[in-house]
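So, here's a batch of structures to check.
Across the two complexes that follow, chain A remains constant while its partner is chain B and subsequently chain C.
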Partner chain A sequence: MTTDAAETTAEGLVTPPAGVPGGSGESGGAAEEVKNILSEAERNFLSGRTGRGTETGSPTGAGRADSEAADAGARADGEDGGTGGTDGTTPRRGRRGHRQENPLIRGTLIAVSLVFAALMLVLPLLAVLSQAFGAGWDNFVRSVTDTFTVKALKLTLLTSLVAVTANTLFGLTAAWALTRYRFRGQGLLVTLIDLPFAVSPIIAGLIFILTYGRLGWAAPFLEAHDLKIVFATPGIIMATVFVTIPFVAREIIPVLAARGTDEEQAAVLMGAGFFRTFFQVTLPHIRWALVYSVILCSARAMGEFGAVSVVSGHLRGKTNTLPLHIEILFNEHHYREAFAVSAILVITSIVILTARSLVEWVSKKEEEPGVR
Partner chain B sequence: MAKAKRIIPGFGLTMGLTMSYVGFFVLIPMVSMALVTADLSFKEIVKSATDARVLSSYKVSFLCSFLAAAINTVFGTILAWVLVRYRFAGRRLVDGLIELPFALPTAVAGISLTWLTTNKGWIGGPLSKLGLEIAYTRVGIVVALTFITLPFMVRSIQPVLEQLSPDYEEAGRTLGAGSLTIFRKIILPELKPAMLTGFSLAFARGLGEYGSVIFIAGNKPFQTEIAPLMIVTRLEEFLYGQATAVALFMLAASFIIMFLVNRLQIRAARFVES
Partner chain C sequence: MSNRVLAALAVFSLLLISVPAPAQEELTNVSYDPTRELYEAYNQAFQKHWQELKKADVTIVQSHGGSAKQARSVIEGNEADVVTLALASDITAIEEAGLINKGWQSELPNNSSPYTSTIVFLVRKGNPKKILDWGDLAREGVGVITPNPKTSGGARWNYLAAWDWADKEYDHDETKIVAFVKQVFDNVLVLDSGARGSTNTFVQNGQGDVLLAWENEAYLSLAERPGEFEIVTPPTSILAEPPVTIVDAYVDKNGTRELATEYLKFLYSDEGQRIAGAHYYRPSNPEIIKEFADYFDLGLKLVTIDDPLFGGWEVAQKKHFGDGGVFDQIYEK
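The block that comes next holds the complex of A and B.
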């Protein structure tokens, strides 16, 4: 991955940025124009980098933070057409007039997309909400405040909190170690960090059972010290940590790799220590990528089912997380309750998606005026 | 970067922490799998991994994942294209929703899709009058996997499309090429690597997916049992060795896919570079 990054960096610089030649004529002075092209080029270059970085390992579709930047250009494009470039500072290529694509094809493709998105994405959400609230608010509240539901919710929150905190700290350290130094086995380390993405959640659960379960090799030690991992909270937390390990690291690594180490070197040469360098030089640049990845990581941690299901033992009120509780309710034909509990998670995921978009939007805005 | 080797402090600290963390959470558990495997004889592994019921679960898993990835190759590409190239009402909403399958817990997706497609659901109801069934059949598994793996496809293609300048298409159009020719000769060659990547990621994820599938599948042996469920079944029977054997097979499959993806990406990078 890291060697890959070098490759793509070089290539990104060579490839002429996609949008530049079409530069809009309506802009002010030539200097403005040049600045525009530069930031555009940088954006395209950045998006190229992350685009590829993302594909390599992160099926989260994450890494969007940067590739969104290019999208921002495109999006502003569309809006400018209507508003006449309200912000005035960044006139964009106004390529809309040139497009001569067959309107029939355009219409059909948009229609197909909308129908597909409605069927696959919107309908499942509506189904949950309608079932959850269909029998009235009181019913919903009753299902949600059920003792076992509350216990499951608490366990889910605890698990997510621990897993996300641990993986955020790990992600930062790992990204630092992998992008600030060169060492043997770098590729292997990246592969290990990526591994949980490639492994089925069921296998993720299985390996913890094989390690800490009654027949696992760590069992004698655990028994001797009266520790319980599998079928108990620690096991659930560990399985969740395993499944979400790549999220933060994967997001930060490409951003740090793309920035290079010049600024850190300068800081260190001027006498800053490790922590000062990190907090004052590095962190400001990865702030948004960090927030973004933490959001995605939390989403996954809260919703993890397969891995947790294997290690939990399904003890109601003890080792049941919310998703597992939903499974039990559903299998016992308590559909209303199952959907009511699901609604909590649906609303959470909508909040998460909104937060994600918001972070992208804010981070884009910050980059916009060609700061660098 | 090479020269920067030791100028920046913190090598020992960050490397130490990273290694211990990866060691504890990834390496040790994976090693136990190897240990359990080492305890089994080759014969046992083959026998457990190729039991008739297990074989049929592979078939279901591979077939359904393949179909779901194929469906997403078509619709995901269209979605990515529409989202990148066109401006229309609701575009941002759709763009935001693409990641829903990542954000939504798989169990919730599972029960929701199941409810929708049973013969009492919004979709399954009308369909059942036509004699079509989705829930508790392999079609249901494909539906669940299509939902789960949709973002992989769209998010693989989107960045490439954003990079792809419409100038070439315009040039083609000016020279008299029809829409189909432009798609085949100009757009498709550029998108192919990303489509393959998206397909493989979707396929690999589909093979391992559990939460969303078990609700809608009905889990009938030899018909709608997926491979991850076989691992769970064996575990519940306390047949750890057999579970491990099946897991090994699935791991091998997903590693081969991941390896192919990496190869594809290296090739794609070269292609763009030249």
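The block that comes next holds the complex of A and C.
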């Protein structure tokens, strides 16, 4: 049984990319090329996306086998709704495996997942919400309209906005450079983009203190120009940008890689400039992946605690973001208020996740006509 | 993304950036963990006082955390106008970084400590483990909660008070003293980085049998959760002097010297002293402390940091809490 599943997975990994060259000549070659420089995880990622790419490609002359593969991909994608679109391989395994799967195992696995999610996610979240509203609506309103809370909220929104903008620009640039050009240090750039995922947030904070603090490398320059970075808003924004770097780039790279360059080359041949090519040819293809990544990036930026805590200085009303403010309220025995403010973040997360699911749903809807 | 969305975002971000409060004098007070409630009340009183004095509004920005950690942030560039920390050696560290002028501790009365405190035991209702004196902390099966002396000021007072008790108990035999203190720290269940973290561990999370706490922090817990805890005042303890001072380099840069000076001076006024007393800090004014005699044990025998046993903060800090000092050895063994 296990070997079967493994083979299915391997097949699932291989089949969809094989479908690409059938659909559209050179793009598969380009995808192969890029795949060489991408990591193992990247490849899993890529195959999920490529499966989707095939769907639109198949009517333009794919062979029978190819369109079958595309169908399987489409079916798997259709089931994919709840688990998140980034990983196309998991649902496919479930779909094929389940024909021979022992119902006992199936039931156990589903039960364990649900119970675990209930204990670890649902229950604590409900506890936060019930605490937050337990003292009544008035208490909630008073807590969230408190001057310091409003200031913390403003700072959090500003920080997230700047971080998401910066990382969207960087993510698009890096994804473009990595998938469209070959250059020295390409592999290094891919690794660097992943770095913030691997580094502990406290280090993310400390590096900014060591660089831009009063005793840091950049201190003489900053002092001469009367600039303040750490223990001020710029430091908080920089720490947040640092921890959210991977979100956009990681999402866009596989999509661009799977798309290949032929459509853009055609556009350029027809006389379109760089920006026109980007906005009219590339952007429509990556638009949903982009929206999706921006949503996740915002969620992370709003919730970041560790790195921001190190560079904040905890100045009330000045350098406290919402997560830091929650800690302060909790430490000051203001439990109700702490939970009320937590509820803002929890509700924001729920809104963000709903938006994410909506994006997944809409993007699938858009691609469906290509299959039928 | 459509242009309209982009435009909306741009307008929104401009709104966020461009609503700074009208120009107003601002003072930043970087303090330690348990003073949160004290300075919340004191700042309101001071704002009124400054209004009467100068007909001007002042905003006071507070920051709280473990004392050593807070000192570190000031050294790294957190521009505090005044620091109100848990003990002198943390302020000395800022002085050594060149931000505070030498001799700061004699600029204000009472070693620049407008209020003092001491270390007491907070135990669960009925004192089920019968913890009455320092010796009981080393008993097997007693779960002790204290912050980390490396980052917390209160924890250093805890440690030194235990040391003082053992010094008398074991007749100055340092091997035995170290063994005792080590045993106390072997009983520590959770070592938080600041006093408030430890209080939460003990009060909120229900860990441990005894919390070594600032007297003020212990009374605050009693007030927050009436009927759940008891305070045990050990027969001997230490006179904890949390000093306050101006950070010269930053007040000169920010042009806030006059404001900062008045802010600290007002702590010694009758009103400031009463606010301290009401928040369970022992007022340094000998007349005003009498008003609070119902909850301060005024007969408690308190050793000071300048006692020959410790030889002042400079010596004690190096010997006990410096890198490779006694605490490091105790905690590594």
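By our rule, the second predicted complex is superposed on the first by the 261 of 372 C-alpha atoms of A that agree within 3 Å, B and C clash if a C-alpha of one lies under 4 Å from a C-alpha of the other, contacts with A are read in each partner's own complex, and residues count from 1 in each chain.
Note that in this section a residue touches a chain if its C-beta (ideal position, glycine included) is under 8 Å from a C-beta of that chain, and two chains touch if they have at least 3 such contacts.
On a predicted model such as this, the values are computed, not experimentally measured, just so you know.
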Which superposed partner A:K154 touches (first chain B, second chain C, both, neither): second
Which of chain B and chain C A:F231 touches, first, second, both or neither: second
Partner chain in contact with A:H314 - chain B first, chain C second, else both or neither: second
Chain B versus chain C as contact partner of A:I209, first or second or both or neither: both
Touching partner for A:N139 - first (chain B), second (chain C), both, neither: neither
Touched partner set for A:I105, first chain B, second chain C, both or neither: first
More chain A residues in contact - chain B or chain C: B
Touched partner set for A:Q186, first chain B, second chain C, both or neither: neither
First, second, both or neither for A:F330, with chain B first and chain C second: both
Chain A positions touched by chain B in one structure and by chain C in the second: 209, 213, 215-216, 330
List of chain B residues in touch with chain A within their complex: 1-2, 4-11, 13-15, 17-19, 21-22, 25-30, 32-33, 35-36, 75, 78-79, 81-84, 86-88, 90, 92, 94, 96-109, 111-116, 121-123, 146-147, 150-152, 154-156, 158-160, 162-167, 169-170, 173, 179, 194, 197, 201, 204-205, 207-211, 215, 228-229, 231-232, 235, 238, 240, 243-244, 247, 250-251, 254-255, 258, 261-262, 265-266, 269, 272-273
Contact footprint of chain C on chain A as seen in their complex: 154, 157-158, 161-162, 209, 213-216, 219, 228, 230-231, 291, 313-318, 328, 330-333
Residue ranges of chain C in contact with chain A within the complex: 1, 9, 12-13, 16-17, 19, 28, 30, 33, 36-37, 59, 61-65, 73, 75-79, 97, 196-197, 200, 220, 224
